[in-house]
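Both of the next two complexes hold chain A, though its partner changes from chain B to chain C.
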Partner chain A sequence: MSKKPAKGEYIETDTGNKVSRKCQIVGSTNIILGGKTIIQAEVIIRGDLIRTLPSSRSASSGAAQSNVAVAIGRYCFFSTGSALRPPGKLFQGQFSHYPLKIGDHVYVGPSSVVEAALIGNHVHIGQGCVIGKFAIIKDFVKILDGTIIPPNMVIPSFSIVGGRPGRVVGEIPEGGHEAFDLRELYKTIKNS
Partner chain B sequence: MDHFTPYTYFQCPCTDNSISIRNIGHLESTRADHDDEDERTFDPKAPRANFSLYPLDHLLYCEICHEIRCPRCALDEIVTWYCPNCLFEVPSSTVKSEGNRCTRSCFQCPVCVAPLSVNSEAPAPTGLGAEHAGPAGPFVLSCSFCCWSSAEIGIKFEKPNSIFSQLAKIKNGGDPILSAKQRRLDREERRRDFSDASIPEDAQEVLPLDPNEQLDAEAQFSNLKSFYQSQLADASPASALGFGGEYGYGSPGALTRIMGLYTGGGLADKRSQSKSTPMREACDATEGLQLAKTNADEDLAKLRREGWEGTVSKEQRCEQAHEPHFVSDLRPIAALLRTKRSKRCKSCRHILSKPESKVQNTRFRIRLLAMNYIPTITIKPLQPVLPGQSSLLSPMKPTQFVLTFKNPLYDAVNVSIATPSQTPGRYSSKVTVLCPQFEVGAYIEDAWDDVLREPGEKGGEKERRRTRAETFEGQQQAEAGKVWESGRNWVSVVVEIVPATVGPESGPAFLTEGLEQDNSPMKEDEDILEIPVFVRLEWETDPAHDDGLGAPVSKDKEAKVKRELAYWCVLGVGRIAQV
Partner chain C sequence: MSSSKRASTMPAGPKPPTSLASTLIIADNATLTGTNLITIGASTIVHPRTRISCVHAPVTIGSSCILSERSSIGFQSSPSGEDQGRGVVIENGVVVEIGAIVEASRIGEGSLIEVNAKVGKGAVLGKHCKIGPLCTVAEGEVLPDFTVVFGNGQRRIDSSGAQELKLKMVGRQVEVLRKLIPSNLAKFQ
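Right, the complex of A and B next:
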């Protein structure tokens, strides 16, 4: 393994995404990055787990829709060793994966595994968490370190979640909204 | 426990009131001249201190009273009730009638509190058109975290929706529960029988209900209530006509009786004298009587058979309404509703925060945050901790910290800070603020552009100053009476701390005089160095564009209003290394 100091640690895209050279992105054509998102080393994103079951309501436009496996908004931060996997389930006898949608300003802590169906805006997921299949996390949610969110759980806005299984243990105070902003964190990541 | 993040907690001034009750004059002295506060310093290690300290983001600010408002001096008002699982709004009338649980299909696992999902027990349909066929019953509630299923308690559902109402009709094991309506019909039947044949023994023979059945708490209550209502009605014939109404006011008969009471007519008196027949007590399950089980053989046998695994834990039991002993008696827990709340100032009733009423909307209509009115205070070591170094403070070694005040107001603020020279508590550290008085510049309007464009941009100037300061660090020591660094709306001052010796046998160096040495073992977090700081702010403001947003516009533009605010803060500096 030869280190190449000329190349930085991150590959920077036109929209400001900084993707580590040491991360594993599978099926990159099925992943949408909104911009200014940081993907650190050893992050795994499974874009290959696309939806195989045709959507019943959008049969015609389904072909274009179903190609997205992971959609990520702006100013997201995926720490070292975290993993994003689109959730999958058996539906009417057929197994299929479903897209994983992530909003803006979402922080995923080191070595956390995310298999949610939807993560809103301004969500902080701590270190070593497991977000179960088809979980729905709304805006302004903080998930404490080591939490295991059971599958299918819905977490409403302004919740602080902790424990195994995860349960709502507190509320985000009125003044705590600004702490979710990840623009400052984005600037601290320098390509060196 | 090497990791420690420095923190700043603010004490809401509302807590001073409770202290002043015990020590009269304390409040006045702290307010009037802060120099006097040496007499009584706030002790962050006091048992009660924890209840009055809040991080800045928990605090609100009342623009009418010009005071900080904490969760203890703000009133909560419920804006919306909603289910945290299905996110449906529940009208408050439904909350009153149905209780604070979701009445749709949202349930929690009684074993592990994870959400339950409705699953079909039948195999997936196969063959032609299978993908269009809906799942077939029976359905069970199953937990995907601990694999509990409602089939374990013998409950299966016919439909996948409105589980709440289906569950209300099924006992554990699958037997139906008589609804309140059925019970009422039954009672009416019984009452008719009573009136036909006055001997109750005869009437009971025609009852379809088992007089010895085990009732749940709700059914027992409704049975008891109706029994005593009928007893009251029988006892006072005047109110018999009004039976059925909540308090018996709903009929002409009852009204005349009540009016008779108030007008002093002899009618009611005569009646009350005449009815001396004692009331009968409930005597079976249909009337709400439940005999305590004296024979626990059944339970004992079950306990032997199922063992420890078959019993419920304390946490599981607390979630249940009927206090079960066995796992087989557990019932799915309906999701507890959650609320959106607005906050009001307790003294002037002005609204401090008000969220949008829609469940999915995360905006706030009003949000008067203390962090927009009082400076934020951050503390960090002057010499940055190197990655390999321990972040613990070494005892007896003077350490310098940088205290940064950042002003959110549009007016320059004069800040005076005061600390006790020795921190209160058993392990008393020496604290010296090198510059206790300074002015923090205004948060200039122009900065708004920066905020809207890139909030970090305005940090450029700040960062430059800081790096310059760091280069000076070698030759220039922090000077007493001078500000260490400053920016447009922030000022940093240096605080010198000599941490105390913490440990079982702490040295005599900084023990508070007058107290004999307390040799009890160290309590939790007693090795954290916390400094109480009294902060006093003074500023002049234009009432027209008062402290920023949404202030009432007044006509006299010339008059500058002088404002002041004083409060205690606690700075958590770090842990002291133990010797």
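Right, the complex of A and C next:
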């Protein structure tokens, strides 16, 4: 309180998230950051696109409907110019957006656009990728630069995906999963 | 908090002349720049950070369109012929996804411009066209109705006959987005 922190590029939260002052977050009350996540400049996150259709599960149990639009785990890294947006579809005649869930240690490269339904842990998304609506990406997946993941695609664990449209082109070799750890990358981002 | 820094991020240019329908939803931090006329029809949704530029030519957008964040609508250089004098004309029910660049002379009804696609200057798209993600349409190119551009620039004609359903879906999407996106129409009038 007494000592005003120096004004750097990033705003650091109590849980260690580093959020650039130049990022473009809309609807921040509907976004959950797990901690130690880095959001670089000009990243767009659309938290305002919440679910408008009540889910059958919460309606039956009578629980208060959670308004989470984007849930992000720990040690994620969103590069400059990437965009996260909850996917939307028509279901039983009504249009609604659905939450975008992202696990831990997920890297999203510069100017990639993510509209997936679910991204697992330890996923590397390259530069200029487009992840289509309602895609499901499991754990330890590497998506090469410039890949277009078509809508509704399910990518199994330990895949390497590339091309337009994206296809599984290889497998993560044994022992190769250590490269997905983003803790070192987190440490390199300093508030200068 | 230095006030000079704040001022530099908001260039105080004159507002472009606009003709906006009263039921238009336009987010607070969309940007309209230029000196030509911008016309936007009823029930259209303009997401935050959409850029509409009428610096070089007018922009006309129909009703029930969805313009997503970071998309860029309008000529980025002077029109190079009399047929381009009308600028960009987007018909009803067109969806422009994130980061797409639209410089087309005309985009037909119900077309879909996907993520980061680019439609070159003066191109003419027929009705119900679909330009896939990262695909490009060259300057001045003319695409017939129902054209689908996909992959690395392959073309085909969509004969599924689902265009009515797609228009309906866009309508439903507009209804939901109307509730979710706070509009600040007064700022742009």
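By definition in this document, the second predicted complex is superposed on the first by the 179 of 192 C-alpha atoms of A that agree within 3 Å, B and C clash if a C-alpha of one lies under 4 Å from a C-alpha of the other, contacts with A are read in each partner's own complex, and residues count from 1 in each chain.
Keep this in mind: contacts are C-beta pairs under 8 Å (C-beta built on N, C-alpha and C of every residue); 3 or more make two chains touch, one makes a residue touch a chain.
Worth saying up front: this structure is predicted, and the values here are computed from it rather than measured.
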**Q.** Overlay on chain A: chain C relative to chain B, clash or fit
**A.** fit
Q) Counting only touches as set out at the top, which of chain B and chain C does A:Asp14 meet: first, second, both, neither? A) neither
(Q) Looking at A:Val26 after the superposition, I want to know if it touches chain B, chain C, both of them or none. Which is it: first, second, both, neither? (A) second
(Q) A:Ala179 in the overlay: touching chain B, chain C, both, or neither? Say first, second, both or neither. (A) first
(Q) Looking at A:Gln92, would you say it contacts chain B, chain C, both, or neither? Reply first, second, both or neither. (A) first
Q: Please state, to the nearest 10 degrees, the angle that the Cα centres of chain B and chain C subtend at the Cα centre of chain A after superposition.
A: 110
Q) Touch check for A:Pro165: first (chain B), second (chain C), both, or neither? A) both
Q) Between chain B and chain C, what minimal C-alpha to C-alpha distance in angstrom results from the superposition? A) 6
Q. Across the two complexes, what residues of chain A are contacted by chain B and by chain C?
A. 90, 93-94, 132, 148, 165
Q.
Residue numbers of chain A touching chain B in their complex, please.
A. 56, 90, 92-94, 132-133, 138-140, 148, 150-159, 165, 167-168, 173-176, 179, 181, 183-184, 187
Q | Touching residues on chain C, where the partner in the complex is chain A | A | 29, 48-49, 69-70, 98-99, 114-116, 132-134, 151-152, 169, 172-173, 175-176, 179-181
Q) Which residues of chain A touch chain C in their complex? A) 24, 26, 44, 46, 48-50, 52, 83, 85, 88, 90, 93-97, 111, 113, 115, 128, 130, 132, 146, 148, 164-165
Q: Enumerate the contact residues on chain B facing chain A in the complex.
A: 55-60, 82, 84-87, 112-115, 117, 124-126, 130-131, 133, 135, 143-146, 338, 343, 353, 359-360, 362, 364, 367, 369-371, 454-456
